[in-house]
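Reading through the structure tokens given below for one structure.
Chain nomenclature is as follows: A, B, C and D, assigned in order of appearance, with residue numbering initiated at 1 for each chain independently.
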Amino acid sequence: MAKVFDAAEVAKHNTRESCWVVLYGKVYDVTDFLSSHPGGAKIILKLAGKDATEEYDPIHPPGILEEELKPEQCLGTVDVASMPKEEAPVKAQEPAQGPPPMESLLNLDDIEEVATKQVNQKAWAYYYSASDDKFSKKFNNEAYRSIILRPRVFRNCEPCDLSSTVLGHDLGMPIYVSPAAMARLGHPAGEAGIAEACRSFGAMQIISNNASMTPEQIVKDAAPDQVFGWQLYVQIDRKKSETMLARINKLKAIKFIVLTLDAPVPGKREDDERNSFVGASAPVPSEVKEGEKSNETPDVSQASGGVGKTLFAGTDPTLTWQETLPWLAKHTDLPIVLKGLQTHEDAYLASLHTPQVKGIILSNHGGRALDTAPPAVHTLLEIRKYCPEVFDKIEVYVDGGIRRGTDIAKALCLGAKAVGIGRAALWGLGAGGVDGVRRTLQILSDETKTCMRLLGVETVDGLGPQYINTRMTEQQIFDGPSGLESLRRDFRAKL
Amino acid sequence: MAKVFDAAEVAKHNTRESCWVVLYGKVYDVTDFLSSHPGGAKIILKLAGKDATEEYDPIHPPGILEEELKPEQCLGTVDVASMPKEEAPVKAQEPAQGPPPMESLLNLDDIEEVATKQVNQKAWAYYYSASDDKFSKKFNNEAYRSIILRPRVFRNCEPCDLSSTVLGHDLGMPIYVSPAAMARLGHPAGEAGIAEACRSFGAMQIISNNASMTPEQIVKDAAPDQVFGWQLYVQIDRKKSETMLARINKLKAIKFIVLTLDAPVPGKREDDERNSFVGASAPVPSEVKEGEKSNETPDVSQASGGVGKTLFAGTDPTLTWQETLPWLAKHTDLPIVLKGLQTHEDAYLASLHTPQVKGIILSNHGGRALDTAPPAVHTLLEIRKYCPEVFDKIEVYVDGGIRRGTDIAKALCLGAKAVGIGRAALWGLGAGGVDGVRRTLQILSDETKTCMRLLGVETVDGLGPQYINTRMTEQQIFDGPSGLESLRRDFRAKL
Amino acid sequence: MAKVFDAAEVAKHNTRESCWVVLYGKVYDVTDFLSSHPGGAKIILKLAGKDATEEYDPIHPPGILEEELKPEQCLGTVDVASMPKEEAPVKAQEPAQGPPPMESLLNLDDIEEVATKQVNQKAWAYYYSASDDKFSKKFNNEAYRSIILRPRVFRNCEPCDLSSTVLGHDLGMPIYVSPAAMARLGHPAGEAGIAEACRSFGAMQIISNNASMTPEQIVKDAAPDQVFGWQLYVQIDRKKSETMLARINKLKAIKFIVLTLDAPVPGKREDDERNSFVGASAPVPSEVKEGEKSNETPDVSQASGGVGKTLFAGTDPTLTWQETLPWLAKHTDLPIVLKGLQTHEDAYLASLHTPQVKGIILSNHGGRALDTAPPAVHTLLEIRKYCPEVFDKIEVYVDGGIRRGTDIAKALCLGAKAVGIGRAALWGLGAGGVDGVRRTLQILSDETKTCMRLLGVETVDGLGPQYINTRMTEQQIFDGPSGLESLRRDFRAKL
Amino acid sequence: MAKVFDAAEVAKHNTRESCWVVLYGKVYDVTDFLSSHPGGAKIILKLAGKDATEEYDPIHPPGILEEELKPEQCLGTVDVASMPKEEAPVKAQEPAQGPPPMESLLNLDDIEEVATKQVNQKAWAYYYSASDDKFSKKFNNEAYRSIILRPRVFRNCEPCDLSSTVLGHDLGMPIYVSPAAMARLGHPAGEAGIAEACRSFGAMQIISNNASMTPEQIVKDAAPDQVFGWQLYVQIDRKKSETMLARINKLKAIKFIVLTLDAPVPGKREDDERNSFVGASAPVPSEVKEGEKSNETPDVSQASGGVGKTLFAGTDPTLTWQETLPWLAKHTDLPIVLKGLQTHEDAYLASLHTPQVKGIILSNHGGRALDTAPPAVHTLLEIRKYCPEVFDKIEVYVDGGIRRGTDIAKALCLGAKAVGIGRAALWGLGAGGVDGVRRTLQILSDETKTCMRLLGVETVDGLGPQYINTRMTEQQIFDGPSGLESLRRDFRAKL
């Protein structure tokens, strides 16, 4: 490890046969690792012979390098003085000036606008993107706007209390940060910064399986009563997931496991993919290209793929009620929350799996998985129509499309116990780091309180369907024959 | 009071410890008043050591200064010649030229367009703003546009009579000016100018609790049969409200009290807040900023807030049917009109409080309180559907979204006794003073008459639901279980 | 009459006390006529002392001058050489070049676009304008677009026959030109030009009461089987209408009288009024202005008013079923068609007045009378729903919003016997004179035939409701309690 | 044929009396052919005396020339050196540079955008155009977007199989290329290129009756299991159709005949016609114009007409169930698929004609025939509502408006056996030749698979109505009295 390499020497090892990269000043021989990299060999080969730190750092939590590589693969250090300087192109991506004062940003649109200017193109594309035509992303929000509030007046609205609970744990507000990946792409404070902001408000955070920091780092400074969940994407290599679960079981701040079901395969996020294609057109050593061609798949569209698709590498698409829940029970005693349910049938099925399953998150993955999938509001209304008993058996949370306190109040009126924000938290982080996330939560807290006061409702529990007019939305929700009957029959047969 | 101060001397008193301001040429020591200013200390400290007249005048009715300050707090006069001159920035806000002839403005959009150019940025922001995404502001008008008229033909439509009554008082037209605050922000003629214009048409005016002139000034030149209401925002300091009620009781032109219920806490009017934030970024003496910081609330969003939020300071958010109506009965014998009802349940509750309550105003506060609250047309249809007997027990008025005579005719067809305009009157005032308000009322009068003639209806009483097709709107209104049953049960239990 | 005046001499007579105008080279003293001019004195005073021919000619049919003025009011002729020359401003209104070949215009939008460039601002404003926000004008067309066709296939669609009948008279196509006024504003060929184009296709024409040519001129070259109707606006001075009816009774080409009921008072056509206001701001002799002021009405909005309002002067707004039909029976034996019905109740009432009333035109006056009035398609559907027997008793025609052959086919499927075009004919005339109207009719004929062929229908009679899907529109039409019951009761009581 | 002509000599023969054209270097005397050219004489006369190859080639399949002309009409060859050179105008139409790499195009919109730049104006206008206001073209796609998916989760979604069958033949995907004409207008690879791309994916192709290549050429390289259909537009000259059927019967790759019923007469495609009109304004020898005038039809609109109308020349509009199916039975034993059904009544009628009729294609001809005709989704829903037994008797395919894999999945859920793309294939061809069509099919394949996986469905057969929410669309479909009763009565009467 004492050996010092000249950059020119490193640069020669830029082929599939001998592939070196520089990370944090050290030189690694990753030739043997190419075939097992979850994101594919190609993405490494593009950086072969070069310093890959800037690309690598914001999307890999610390410690991964040591886990994946053997000590002998670290060949030594690079002579920093010999490295080529890159300036202009990188600078060009940086915003000309810092963000405006956070308190001048009045709503979540303002924050997104500022973040759009502050973060680089890759982060913007990854955060902003949604699948296909972004129909569901837009619909997620519009569904809230088509619900009309029914304010009751002449009520004492001085007292107003946002406090709530999730699975028995106290929260300062019924708002949580969804398991959004890659926070450090947007700001170095990363997921730990989000945790810090949540701490100020008693908001809950669900840590992404693909966080750019380790769970241990994220919960390190947690308040005694701070509540975290941890998102699990089960890996094809189950051992990896079991190792992670073992680590999670040890973290007392993490109260439950969120098993994500709405994205067993990646959606088609074109903004993200387009960005990746731009990068892909950067010069690639010619013999690498040829090497690639030989084992190119006939599936052309898989050749590209943005950050989103890269993150999916290794995810197991074969999960089922029958197989996965028992496996999970063997590796954790934590309560399970199922994320990504989009029909009343699946919500009902989940409610049959108590006590292991204690909650569900109605979500279409922020419109990032299947375009024209229903917004959570539709699923809430479907459950109320076909099987309202679900609300008694398990807790129901929703995410997707939240931009205003009135949106939050409406979801709570329909039976949600808590409401998640995903992109909004990342935009907050991108706009102003920890203070940006605080500002985001502050705005939502204030708006929700104002909404509750103007509705004449004092507590979160006091919100109910009598405070909303969902007539327009109800004319859109599923009205066909429910799949419940056959589910009930199957279930009785099993007993 | 004989003492004359040099401007430089006054300028030194610009701290929380010693705070002087110049108003109408006099020097006041407001140090002790800082903590009790309803609008907060900060707004005064920004003007400390300076001439505050221009900021102060258009938003405070005369006499307030004398009420709030002791005689000895007036230290003397300022040497006008020593005052610094401000020109360019102020001039820049003024329109390059006066408005076009009022008779060239054909509709309320024309008038708003002219007013937008004539009034300064602060007035525009205060008048134009509505809460959040201005969804309800827009919906208020669209709800009228989605009602289709049903004109009957082959009827003598020469005679056409707009005369109407409110609580037994004769009106020349079923149109009133809603209690819109801060008229002098838009034009020096102020609320008295609105009164003058109303006089020409027999229109009713409801005087805002936050008028920029005193009620006495506004009704001073009232015609013998001119009808006014007075809006009450109950103050936390009830004595203040009781003093005002005593003054109102003496004014014979004021026929009823309008108790505003739709804005117990201020809505989030971002245009107004943004404007305020711009002002807030003006240089503030640094030690003031520090002083502020020490007792800064954690609620960041409260730090800013436009004219709207300032006006709300001191308003009591604890009003209830049980407590407030009896209290009010002790302080006035005037009929009570409740403003801001948005559900059939509250309309029904109001109808149980006769004879004290004689009328209700269906309103969502011009879209300025809770965004996505229902337009008055929805509430009218809700009442017709669930408890039409309300129309027999109390009078029902509506405001919000009126831009055309057809809008007025539609509201009257649905059972409203009178229809209010708020912003429209202020835009009229801003566009052309008294003549601008007259033009506004003239246009609405002409349009309403044309509409009635083309419907084949001769009098206001002749209008009814057979003249409108509300099919599209009816598909949007609340269709859930009514809260009436429990209200009726509670009411019977109380008897 | 032999006397020749110098222009300077004429120019002196520009006051209310002595008002001369030049028309077609002759000098008239119209001082005494000022007070009886149907369009008001003001419009004449603006031209006092000048050559008024250009303003006068395109909106007055020949012969009117002789009817209204006494021979001695013609003082002589003007010395043409002494007249001031006007060039630039007038030229500026003329299009830079002639229209493109008519056959290059593929649809009615193309034709309107060309006409917009060809006609002057006054004609454009008069033709284009509709009341208030032009909601009904737009809705008239959209109502057709929301009806979906149901094409039947595998049918012999070579034969296709557009021939039809109206009140027993044969037509070449079920299309007629509505009584649109002021054709010569758009093109010197005027209403006679429209008649010429109709002749080529066997289309029917309804002559406007306010045509810019006399009925005699318009029908002069009529083909033996050409069908005309004549529109009657009953005048306050009934004698005038009786004189006109006597003239009409003598014209064999005119087969019926169309009594217009949808505009008893003028709608508010702001484009037209705005144009007039522009004109009104032209220099007016100052003492005229003062003279005007003295007897100014308090109704400010009446002061302006475009071509539309001017035409309405003298129209009787007191017509009723009881009074007007018997009066009409005394003055003509021609069948009566009532125009402007917009509810099923009025359609039903009309059907009770056979045999005098033989037809009705469902119309909202092209959106020019009452804004947010229903499109004819709504009224057709209302009649089908509440009183389909109307179609058996009287013929039903519709106008408003027709831009495509599919629109025509849809109206016919719903029970209309013929379909009217108003603006479209005027745009055709403006775009290319007689050939422009021919092109308009040709396009509609071709499109209607193509539509019928693709629907699998051979004749106009073969069209029926089975060929259209009106589901979307049906969700918008009136669904309240019908006024029919009371009408039937009243009618039985009268018997 | 040995004779060599100078270009100047050829140029003299540019009249109706003597009309020569140059094609592929040979000189033809087409004077006698003028009157029998299916596209009309005018289009030839515009090229009289010139080299017509560039205009002729991309829209005529090889061999047609020999079929139509006698050997002696070929007079010899032209001296190429004597031909005038055309450069700039032609070059101007060509794109400045080639298309981007196909794999950078992420969706069908991208491909259309690139093709729009690559193909010439005539091809663009022919492909892009739809009838009238392109309402149905737009509605075709929007109908899919208003269907919401219902993804089921926690299912093993690794296996995913697009394979399907049509009339018993195996397909690699349930996608086919609709019979879109004139492929060589867009790219020289033409219909054979589409066939080559289909081969890579096991996609089916229906060969257009108006293909720019012969059926023999198109199927020449077909894979053993490749499936083709052949579209028949029955010609007025039935012999021509019978000759073609005889040729088709010999081609084993062609498995069925598609009889097109949705365009018995051409729709009005204005983009296409406008393009043609531009061409028509090119210099035409004056005496030709006069000659034309003499036998000009009164139907002005027929004078122009784009590629679309030209192709229709000679098509028989008299087809009926009674006459045409028996005639067809005499000339082919291939199964018949009826294309262009748009009502449940016609779908039902088709199902009565088994076993000859084995399938139907629900189609509004890509919005190119009758504007405001229903999208295929409407007809699918109509059949499900009124006569679902149709799906058991015959296979149902759909085309029109497909832009995403989710659209395909939705159509399959509603009962379609396969889904057609028309313009999309032509845009693919125009964008990148064979690779462009491959890219189009790859994108649709990938998107459909992703959609199926995220729905939790493994095979095409597994898709069903439980996976979609059609509530919004169902509120738009026909709800009137069905024509089925009378059809059933007629049918029983015939038995």
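The definition used in the following text is that a residue touches a chain if its C-beta (ideal position, glycine included) is under 8 Å from a C-beta of that chain, and two chains touch if they have at least 3 such contacts.
Remember, it's a predicted structure, so these values are computed and weren't measured experimentally.
A.B. asks: Among all chains, whose Cα centre is located farthest from the one for chain A?
C.D. replies: When every chain centre is compared against chain A, the largest gap points to C.
A.B. asks: Please tell me whether the contact surfaces of chain C and chain D are same or different in residue numbering, using the over-half criterion.
C.D. replies: different
A.B. asks: If you fit chain A onto chain D using only Cα atoms, how far does it have to rotate, to the nearest 5°?
C.D. replies: In short, 90 degrees.
A.B. asks: Need the CA-centroid distance for the pair chain A / chain B, whole Å please.
C.D. replies: Those two chain centres are 45 Å apart.
A.B. asks: Would you pick out the residues of chain D that each touch at least 2 other chains?
C.D. replies: 475
A.B. asks: Could you list each pair of chains that touch, in label order?
C.D. replies: Every pair of chains in contact is listed here: A-B, A-D, B-C, C-D.
A.B. asks: State the interface residues of chain C toward chain B in the complex, per the touch definition above.
C.D. replies: 132-133, 135, 261-268, 270, 273-274, 277, 281, 299-304, 317-321, 324, 338, 340-343, 345-346, 349, 364, 369-374, 378, 475-481, 483
A.B. asks: Within their complex, state which residues of chain D touch chain A.
C.D. replies: For this pair, the touching residues of chain D are 102-104, 106-107, 145, 147-158, 404, 406, 438-439, 442-443, 446-447, 450-451, 453-455, 465-466, 469-472, 474-475.
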